[in-house]
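Which chain is which? They are A, B, C, D, E, F, G and H, in the order written, and residues in each are numbered from 1.
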Amino acid sequence: KRTGVPEAVLAEGKTDEDLTAIVRAHVDAVGRVLVTRVSAPQMEKLEAVFPNHVQKSRAQTICVVHSDAYPEPPRTGGTVAIISAGTVDIKVAEEAKMTAEEMGCKTIEIYDVGVAGYHRLILEMEKLKEARPDAIVVAAGREGTLPTVVAGIIDAPVIGLPVSSGYGAGANGEAALLSMLQSCSVISVVNIDAGFVAGAYAARIANRMQAARAGKRGGEHQ
Amino acid sequence: KRTGVPEAVLAEGKTDEDLTAIVRAHVDAVGRVLVTRVSAPQMEKLEAVFPNHVQKSRAQTICVVHSDAYPEPPRTGGTVAIISAGTVDIKVAEEAKMTAEEMGCKTIEIYDVGVAGYHRLILEMEKLKEARPDAIVVAAGREGTLPTVVAGIIDAPVIGLPVSSGYGAGANGEAALLSMLQSCSVISVVNIDAGFVAGAYAARIANRMQAARAGKRGGEHQ
Amino acid sequence: KRTGVPEAVLAEGKTDEDLTAIVRAHVDAVGRVLVTRVSAPQMEKLEAVFPNHVQKSRAQTICVVHSDAYPEPPRTGGTVAIISAGTVDIKVAEEAKMTAEEMGCKTIEIYDVGVAGYHRLILEMEKLKEARPDAIVVAAGREGTLPTVVAGIIDAPVIGLPVSSGYGAGANGEAALLSMLQSCSVISVVNIDAGFVAGAYAARIANRMQAARAGKRGGEHQ
Amino acid sequence: KRTGVPEAVLAEGKTDEDLTAIVRAHVDAVGRVLVTRVSAPQMEKLEAVFPNHVQKSRAQTICVVHSDAYPEPPRTGGTVAIISAGTVDIKVAEEAKMTAEEMGCKTIEIYDVGVAGYHRLILEMEKLKEARPDAIVVAAGREGTLPTVVAGIIDAPVIGLPVSSGYGAGANGEAALLSMLQSCSVISVVNIDAGFVAGAYAARIANRMQAARAGKRGGEHQ
Amino acid sequence: KRTGVPEAVLAEGKTDEDLTAIVRAHVDAVGRVLVTRVSAPQMEKLEAVFPNHVQKSRAQTICVVHSDAYPEPPRTGGTVAIISAGTVDIKVAEEAKMTAEEMGCKTIEIYDVGVAGYHRLILEMEKLKEARPDAIVVAAGREGTLPTVVAGIIDAPVIGLPVSSGYGAGANGEAALLSMLQSCSVISVVNIDAGFVAGAYAARIANRMQAARAGKRGGEHQ
Amino acid sequence: KRTGVPEAVLAEGKTDEDLTAIVRAHVDAVGRVLVTRVSAPQMEKLEAVFPNHVQKSRAQTICVVHSDAYPEPPRTGGTVAIISAGTVDIKVAEEAKMTAEEMGCKTIEIYDVGVAGYHRLILEMEKLKEARPDAIVVAAGREGTLPTVVAGIIDAPVIGLPVSSGYGAGANGEAALLSMLQSCSVISVVNIDAGFVAGAYAARIANRMQAARAGKRGGEHQ
Amino acid sequence: KRTGVPEAVLAEGKTDEDLTAIVRAHVDAVGRVLVTRVSAPQMEKLEAVFPNHVQKSRAQTICVVHSDAYPEPPRTGGTVAIISAGTVDIKVAEEAKMTAEEMGCKTIEIYDVGVAGYHRLILEMEKLKEARPDAIVVAAGREGTLPTVVAGIIDAPVIGLPVSSGYGAGANGEAALLSMLQSCSVISVVNIDAGFVAGAYAARIANRMQAARAGKRGGEHQ
Amino acid sequence: KRTGVPEAVLAEGKTDEDLTAIVRAHVDAVGRVLVTRVSAPQMEKLEAVFPNHVQKSRAQTICVVHSDAYPEPPRTGGTVAIISAGTVDIKVAEEAKMTAEEMGCKTIEIYDVGVAGYHRLILEMEKLKEARPDAIVVAAGREGTLPTVVAGIIDAPVIGLPVSSGYGAGANGEAALLSMLQSCSVISVVNIDAGFVAGAYAARIANRMQAARAGKRGGEHQ
């Protein structure tokens, strides 16, 4: 039952007091809690208040705080791939990744393929097919093309994750979101920067796939 | 291999000549073709040109044209539920349904539950859980709440399908789309009125679930 | 006559000098003044300048400054309920609440019901019906569903109060406002974050209801 | 119990067959049904199908269809005023008026006061005060000022009803809606052209006021 | 010839070095220069660099820097009225006023009339008619009604000057600009916060009126 | 007193019956009425109902209907220039022109100067200076540059009149309106296609100029 | 000198009389004229009025009308490629093509490559490299990816031409335009559906390239 | 081969560590790297880390970092002109210029011509014609007219570069972008503030022109 959508706290806009109180409540209640959109001072505070109990992603803005009883996320056997193109997209991609892992999935991370470098992109996609992901999150900013291309090559359900980047008209993820909604490929979309939603949605699919493979009745509510 | 995304033709904006030519080409090549956003005169034309080979949905704006060799869509064993609330949403919901069926899925249709009638909604959702759908398309116009509520009750992946309806600010599906993107539940979204994409996405998930249940390696490209 | 729309000062964007001068003028003239959208340094300043004469709401961004002659708001007998779902909505809900109290109303505060937790929501609404509020302010951010649901369950006039929250498309209360304007329920709406207007509008209705109950001719201008 | 929000059918976009079927179902079930946003051919059809059972408003786009058993709306004793400025606003104002009457209210109609003709406006408002309306719907297009002005003069709750009119920037009711949301007066707002919602909201307040005056417990759900 | 549109420097976004260099160049070349949208540190800098040669408006964000040769603006005999309603509008109104004075006009300042306080507004307008202004700038934020009302009462050309204020939908002057563009009165409009343009436009009209009164051929280019 | 803003009827969206009734009422009351945005069938109807009493502009969408007593507009001596660049702008320019003439002004029409043909533009502007217009209306669609250029060359007050034309982003006059609001020249603006407002505003200035030249006290209300 | 930007008439919104008059004037003056955005009835009219002198593109909405003296466009030696993906984009692509040919260029037309079919796309691009186009117009609707991909493969300047297609959010070319503006490739953009501008811009580059190859001084104004 | 689009790093939003690491990697790999949108502290950091190897543009926000092996950009013989009107546009113009120089082009800088000062503008354009630029970048903020005017006078391909400036409606380059897209001249456009793209696009054209002049086969991919 730990593989349902994990407890998650949106740090942005919370005072240090509120944030640590809410985090502590969740840790006490369920053992582990995901904290997203954490500022640098907030992260410092969390590490001071919960020493040795904060697991940060490479992007220093996402973490899990855990109790002694739950030092590890569960393992389910579902597999989620996370793809992004640019440095600026990694922060959002990492949020999706950490969420999927927190829901028990194995993740495959491909952070450096762009629409410009076709040969490499196609090569990577061929390798990815072999890894047989259950669902794929594709984070993309600027003009947001990557999910369309990936869904044209590989058959697993693709979740388009628009990233707020760029400047000028269509900046802040607007062009990316609209591109994905207008995509000629069959993809679904989450809101701009919504790495948490994308990761949880992908993991939900992956965990149900794994249950089906395992012959378990899938799809019940946890 | 017939269970991949089906051939589909967007009738809107095509001349009668272009439309029938493209439809015939697809029918000849692959046996069956989905035609979406068909006007009343276009539908008449199609029925005249392909007598006894046009299968219409209840909404008179979607149909499949087929050859003698393929009188039926395939059957896969995947299950997709299609939920909508208002009369005006049915046309778009039907497009999703016909697409999912064309991809071999069994569909469950619940077209009359609204956020207002809670008791009935919750009852229907309890029944739906028992039917264990692999994926759920929820079509909703006006303020677009229904996908959020459904995803809060049932565990299968929910695809929010905003419907262009209403008048005034936020009309034409804008409020519905934004609501779904801002949803507190874990859902993914397709574009306004994109019943075809929603149905194909749901069926893709369902068919992969079925393959997993059947012990087949899932997720390869057709 | 103190139950009309209270004097209110919008602190945002004012210099400390302007703010304290305007507040003092109002306190001297009418005894009590509501101050809204107060920053932390502004609040400190107010407390320093008017020691023991500043009544803060739980949200540290709203307060009443009063003279010795008017240490208490009036009491009318009207009843206003204030409902919100998320922590982030409380600040705006508190502005509505303090305004309604400043206009003499009793307030009922329900700050922790969400659309996700149906059973609890419906329970709370049944209790609220028993309390017979004269008007209900429902603050909601993100996708802004709560007012629609509340107005479907309970008969008192509902004022939808969109709250600026979330990120991505439809953020800053835009999705919430559009949802409320497109609502299938019969509700009215105020601007995003306009807790003051929502509270004053609800209190106006409540005080007129109370006057009607008391057999007094209602609706005259104060 | 007939004074709750009336059955209403939005004719716009419905086929003649669907429209008459839905109307008949409502008439059979509850005796009377409001039909809104009716086109000229739809109205002709309704009058042909339900001869002598269609009550049209002055604006030929709204009507009530009724059974022999319910030839009249109920009478409650609540009073709703409907104010508008321009010819173009009358259609929407009439929708509010017919809805309020259908909910049992007496209505006061003031359709010819504009912000330009102050002296007359103020005179009319003084007369209106004497009539003591329980709620006031103010329909206004173009720059949408009238609700702000009315709410500055008279104390009953004002519902701003933006009307889609004008051309150029801010046309189709956008300027009117934004003006009302930014109003310096304490008013609430409904969506552009939402005469049905405005009328029902006003009548809900008026009927509860009347219940309070009559010493009845008010505000329960019908 | 000094009564043409004055040299003006937009301080916003300029470095201290650039700003003082450009100001000095203008002062040296033409004797006086208007500096608009000046931040507090920029103003300090200007006063340090040009001691006793900076004339500030009441709003501390606009000033004229002058040479010893031109300690005073010219006098033409044209008359411009500047009207605003709220404290927040004064900064922008002052920019219009200082610009008109820099172009030689006498200005009449009415900073405290609002649409709410009709009796006073009408009184002030009657007095203003007696003063016979050649042009009137009306600054208004929020819902931007005041220019419409003024132009309904008094015959001189009215320039609507939308002010960025308020919060929520239509904030930052958007509702005010749209209202003025949709106005039922005959007014013209400048951009949001464009006090400089409004003042210069009004002064241009006033100075040509004065030339006509003086029997001088008007309208030639300076 | 006939030189104040003329009676004007917006034909758009009115039924034939309403239109002719309103026109007749105005003609009876004040002798002449301007009718704007008239469709071809409406114009035919007007000419049938008021034979020999309809004066059409070259653009067949604007006319004056008059009584036998007022076969001519008044003559004041004010002068308004109307400038436009493209064929598509003429319809709107004509509305401004007919309005100014209806208010007694002499008009100067320059309908064929564009920003592309500089030499001709500058030549025409030199000639226009000699004609000494009191105010200049400049109609411009697409990118809306012309008012900026004209105001840089000639000193009379320029009213920018954006015209809805073009396709793609910024179409329907949006680019033109924004350009004019952002103009580096000192101009004022009216709404898109608002030829009536532009013409009336220009004529108001011109008639006051003429009054000043004639030594009459100017600017009083009619 | 015939290779400069050709005379072009925008048929849309013109009456038959105006259209044929303007076309005739151009034909008489310069021998050939391009007519764009022509409706079916307008095209019939043109062919009736100028029998045997109308050259239509495959898309029946663009044509050249010519005199007997100029039965052919000039030949320059510049080469322009026109690429598009979908049937719906061809109409706009044809406008670019006919414009470039009218300016004397040889055109290469590739109308059936999409981002989905990579292998074929890359193959076609390799062939196109061999053809050495001087400039490339890439028309793309929906999510507008194609120009980004083409510019990543081939070195000639790419002009992105967004096409109004699709439905829902980002429809009518909005997503395509924003995508192109946010492109990671180095491309330039014209407005939505602006095939004429794209074709003329490409031909201008191509003709100057050809002049450079021919050792002629390039870049002078015709 | 060094004349292809140069390596470029967008500094905005990068940490000092990331920025210097990426810059160092590029310098090591290819000898020179362009760094754009650099903040003042970032520039200081770069100069400290790469002493004597940072070449700044006049606008202190763009630079090239180079290795000892590549102290100079290449020289090709292509010529790019960069035109802007206001001080505020120079920063963006400089980005285009430095990019074009980094690609080997000679640049001609004209930073002080505005649409207002016609005589000077036309003079400068006549001089520019003599210099025979291969491509012209025109940066313009506010209402963005300059590219339209330049393209009307001179024949080389014009790239419109909108600059984010101004305040109020259409600010931040929106009016400038829309103006350029709606331009009556034949120009192409890049995104707001995209000096890098404009410069690279212009240099690409110029280098291909030079190759054509030199008799080299042009247009191959580097």
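In this text, contacts are C-beta pairs under 8 Å (C-beta built on N, C-alpha and C of every residue); 3 or more make two chains touch, one makes a residue touch a chain.
Treat the numbers as computed from the prediction; the structure is a model and nothing was measured.
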Treat touching chains as neighbours: how many steps, at the fewest, connect subunit A to subunit E? 2
Taking A-B as the reference interface, identify its repeat among G-H, B-C or D-E, namely the pair sharing over half of the contact pairs by residue number. G-H
Can you compute the centre-to-centre distance for subunit C and subunit H, using the mean CA position of each chain? Integer Å is fine. 53
Once you find the CA centre of subunit D and the CA centre of subunit F, what distance in Å lies between them? 37
Per the C-alpha centroid definition, the whole-Å distance linking subunit F and subunit H comes out as 43
Can you work out the whole-Å distance between the CA centroids of subunit A and subunit D? 48
Multi-chain contacts in subunit D, i.e. residues touching at least two other chains, fall at 153, 168-170, 174, 177, 181-182, 191, 194
Applying the document's contact rule, which stretches of subunit D touch subunit C when the two form their complex? 4-5, 129, 132-134, 153-157, 159, 181-182, 186-191, 194, 197-198, 200-201, 204-205, 208-210, 212-213, 215, 217-222
Contacting residues of subunit H [partner subunit F, same complex]: 114-116, 118, 122, 142-145, 148-149, 152-153, 166, 168-171, 174-185
Touching residues of subunit C toward subunit E in the complex: what are they? 12-14, 18, 22, 37, 162, 164, 173-174, 177, 191-194
Residues of subunit H touching subunit E in their complex? 87-88, 165, 167-170
